[in-house]
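Next come the structures, one after another.
In the two complexes that follow, chain A is the common piece, with chain B as its partner first and chain C second.
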Partner chain A sequence: MISQKQLNLSLGLLLVGAMLISLLTGSQTIPLYQAIEESFTGLNGVYGIILTELRIPRTLVAILAGASLGLSGAVMQSLLRNPLASPGLVGSASGAALGAVATLYFGLASLSSLALPMGGIAGALLATLTAYLLAGRDASPLTLILAGVAVNAFALALVSLLLNLAPSPYAVQEIALWMLGSLANISRNELLILLPGTLAGWLLMWRQGHHLDLLTLGEETATSMGVQLIKLRWRLFLAIALAVGSAISVTGSIGFIGLVIPHLIRPLVGYQPSKLLIPSALGGALLLLMADIGVRLIPLTTEIKVGVITSLLGAPFFLWLILNQRRREA
Partner chain B sequence: MSHLIGQGLCFKKSGQTILKQIDVHIDQGEVLGLIGPNGAGKSTLLRLLAGVAEPDQGRLTLAGKPVSAFTPKQRAQRIAYLPQLSEIAWPMSVERLVALGRLPHLEHWQQPTTEDMVLIETVMRQTDLIPFRHRAYNTLSGGEQARVQLARALVTEADILLADEPVSALDPAHQLDVMTLLSAYCKTGHAVIIVLHDLALAAHFCTRLQLLHQGATLAEGSVESVLSDQHLETAYAIAINSSDKQMQHPFSLPWRRIERDELT
Partner chain C sequence: MADCGLLDRIVMGFTRQTITIPTHSPRRFARGKVIKGCCSTPVAGINNAVRKKSRYGLAGKCLVLLFLGLVSILAGAAPPQRVVSLNLCSDQLLLMLADPEQIASVSHLAREETSSFVASRAKEYPANHAQLEEIITLQPDLVLTVPYTNPRLITALQHLGFNLYPLTLGNHLHEITSEIERLAIRLGQKTRGKAVVDEMLQRIASETEHSELNRPSALFYQPRGYTSGTNTLQNEALKLAGWRNSAAENGLQGYGQISLEKVILSQPDILITSAYGKLSNSLAEQILSHPVLFRLMQDQPRLEIPYKYWICPGPMLAEAVSLLREAKKLK
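Showing the complex of A and B:
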């Protein structure tokens, strides 16, 4: 087995490599050296603008959003002791989608560039809170999961309702395209919108690894070993709502990263939850960035949305996961 | 002064009374056996003492202070709890699982120290787990899993260990090993409260017994005074044969572990 350090280092190096490729990839080929020179010397050359206004923000958003999804998936699976839990399980992703779509529907999104992400984050927080309250204070993980399923279904039904009632075909298209999930048209603005919620979420997840390790032993044993389960759930659900809500609000729906990445990494860290967190963040960032590079390289006139790619790859993997688990249990 | 004292503990669940006015106490060096039929409230009493459930009435004091005066972490350093059934969420290795028992003593960012590792090694040897140290928990037999859980609780080095039927999945040899180990643990300044169904083991290893019946204490005190025919008949509705007369079947009572070199 490779050590924790080696794993983090290899994922980190791969991420740096992918970052460089991401900066160089796009419809316009740019000479990197010249672009850097232009952006640093303040010469407003076209290469410098492409690099600083488009490529760097797009790359950083992919890294931050992917890391949030991978990390939140690892946290959610460890918290609920369930390998099939996704970061959106208790409502953060569908809530964010509903919040964002509502701002598009009511025309708030065109008033301010902040409206859509703010709506998304508010939706994520509200949906998570609803699922938590619905499940009750001493809920078992299963009750929480069922409450999450109900909230997700209701939020997505409301999204459908808004699509249904949309005033014009243009509005329908705008909503539908947003929901596909994309990193195109990302600018520095989106990066700044993404940053606070992401960092706040990460900060709340910081140093909770031991608690997640203890949960491996069961909730009662963990409680007897000093874990305050209700406090821990509040803290981590809030963290996930902030991080995933921010990510989804900026990128649109991007599925499966949070589910798949912790799964791939878990055997490499000896299944220990605390050791899963950093590699899952790095892995999530790497996967989303690579998928986004892939999207830019596919030679089609209509750019395929990155959310479509992650779901196309993620869904078969999910199936394989379930079949594999069933076979092991049989 | 008793180390852990519960006074007048009451507990209800879904309107049903599980425990009514139970007093319990344990001092350093004691092995207190909780016995009684299924549903008598033994496991619930242990859960209250472990802080996993809150009593509806009654007080709990630890080292002379109410348990509420301790933070969850301080309490976890002093009281270790080994529940009857607990499912492990991930197929972690035996060694890593046992090491989790040290976490109540570590800060959030700390890894186990060399001293922690030495202790983990010692306890794994005592619980006969060295051959399995790198095996995934889910690949072990029920008895092996029970020993992993016990080792996890022992490495916490808590003043008081609360163990709910830790030997019921074990073969007679390992039952004797575990009970001997727990007796030795108590002689080093610790205390154990253990739920047992095997009355012979209870008589053999416990320094004091408490017999629960329908959520209340039926008898408490020395092994001889608690294990009277009358008490056992009331609690379990069974007739007891304490002598070797009336015996129609071979009767084997595991008594002592034989070292391997004694066998050859």
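Showing the complex of A and C:
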């Protein structure tokens, strides 16, 4: 087994490599050196503009959103002690999309730049809590998934309904974008929208790993060892809502990252939640960035949605998890 | 291939020697009378021609059928008295060319101020929504269709024996003028058609600049990055007004999307937009206010061309051309 430091370092290096590829990938090939030169000298050269206004914001948003999804998945699985818990399956992501749609298409988001992420955060929190309350405490994986299916279906139906009711003639065609997620044409405005909630969410999750470790011993034992369970639960649900809500309100609902990444990382860190968090964030960032590079490399006139790639990778993995679970129960 | 479907049926009738074409003719005429009278001579010839050509496949067949269709039209079907149009593009031409009492109904799209050049006139006529039941109730003696009219609707109308006039909606100036002239003849308004075309050509031809050297580049840039490449109305108008079309130079044919990166690299001298309705909140429209566009074109204004001037082919294209010319003078 590799040490946590090594794991983080190698994931970090991979991420830096992917960042470089991301900066070089687009519908046009640009000379990177010239682009960097132009952006540093403050010239209004086209390559510099492409680099600083399009590719850097897009790369950073992919990293931040991917990290939030991976991290939230890891936290959720540990907190609910449920291998299938993740922002996508529990409904946080579709709740966030619903909140974002409600603020964006009805003019609230144009009043204040805070409205959009606030909508996403509120939607994510509401959906997560609903699924949690529907499933009940200590729910079996199956019950939680069923509650998640209900919340997801309801939220996505409302997204669809709102987009149909929205005054914009373009709204209906954007359903796919909210359901599958996309990083196309993201600007630094979107980066600024996403940043505060993401950082606040991460900060709330900071140093909670130890409590999650204790929680693996069972709720009663954890309580007896000083974990204030209700407070912890609220704190982490809020953190997930902040991080996932602000990410999704910019990118649309991107599936499976929060489910897949913690499962891939867990064997590498010895099944200890506190050690899972940082590598999951790095892994989530890496996966979303790679998926987004893939989307840009596929030679189509219209980009496919990045969620298509993450779901193509994630859905078979989800099936494998279920089969694995069945084998264990049998 | 909707028009071919119609003509196919016409010829099927001929080849079976039963002359079933009267089912397509106006109800007010006695069955068989119109065609027997005017088309009996070409029937045999065309019949043979069709048989011979059949091995040349659909395209050849369609050409023959088109010719046949034109013959039957030119041969003097009487001017229709209850024309129904199903689409904005046919609505506008109909409202410009026909006498008011010839028009039975235009589509509801013709009443929309932002997209229809003749919105106020359209409001004087009953609106339809291109629904079969509506059309039947209207009892038209001619129905104008366009290439994107629902093919199922067209088949149903043919089965019911309605007379259809398919517009081709070409994007080149000569296609636009010949379409206007042909429709005018079919409506029995030849002189009005000629007047409309003459005025349009006069407006466009005036002060045409032929200098190929002094052609700044323009990009028609719409929500979600949609633009118009070669063989589009926007391309034609830009060309006529002395601009280069940046989207066409990027290799785009027809309508499609252009990536922001391509927009930046090709550095058009002006961005042209046409708002469809009022501005609204959507991700599609956000792209028009992407910060990168402001950085790229700091002091270059955007030109808004009302969509009604170039959403459909017609004489209103001259308005778009003159707006584009004025913008070019400022360059």
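Quick note on the criterion: the second predicted complex is superposed on the first by the 269 of 330 C-alpha atoms of A that agree within 3 Å, B and C clash if a C-alpha of one lies under 4 Å from a C-alpha of the other, contacts with A are read in each partner's own complex, and residues count from 1 in each chain.
As a working rule, a contact is a pair of C-beta atoms (placed from the backbone, for glycine too) under 8 Å apart; a residue touches a chain by one contact, two chains touch by 3 or more.
Computed from a predicted structure; not experimentally measured.
Asks: First (chain B), second (chain C), both or neither: which does A:R81 touch?
Replies: In the superposition, A:R81 contacts chain B only.
Asks: Which of the two partners, first being chain B and second being chain C, lies in contact with A:Q6: first, second, both, or neither?
Replies: The answer is neither, since A:Q6 touches no partner chain.
Asks: Could you tell me if A:P169 is touching chain B, chain C, both of them or neither one (first, second, both, neither)?
Replies: The second partner, chain C, only.
Asks: Could you say whether A:R207 touches chain B, chain C, both of them, or neither, answering first, second, both or neither?
Replies: First partner only, chain B.
Asks: For A:G26, select first, second, both or neither according to whether it touches chain B, chain C, the two together, or no partner.
Replies: In the superposition, A:G26 touches chain C alone.
Asks: Write out the stretch or stretches of chain B touching chain A in their complex.
Replies: Per the touch definition, chain B meets chain A at residues 47, 50-52, 71-73, 75-76, 79-83, 86-93, 96-97, 100, 103-104, 106, 108-109, 136, 152, 156.
Asks: Which residues, counting only chain C, touch chain A once they are in their complex?
Replies: The contact residues of chain C facing chain A are 223-225, 256-257, 259-262, 264-265, 267, 276-277, 280-287, 290-292, 295-296.
Asks: Across the complex, what residues on chain A touch chain C?
Replies: Listed in rising order, the residues of chain A that touch chain C are 26-28, 30, 44, 46, 49-50, 53-54, 104-107, 109-110, 166-171, 173-174, 177, 185, 187-189, 301-302.
Asks: Show which residues of chain A lie in contact with chain B when the two form their complex.
Replies: 78, 81, 207-210, 213-218, 220-221, 223-228, 266, 270-273
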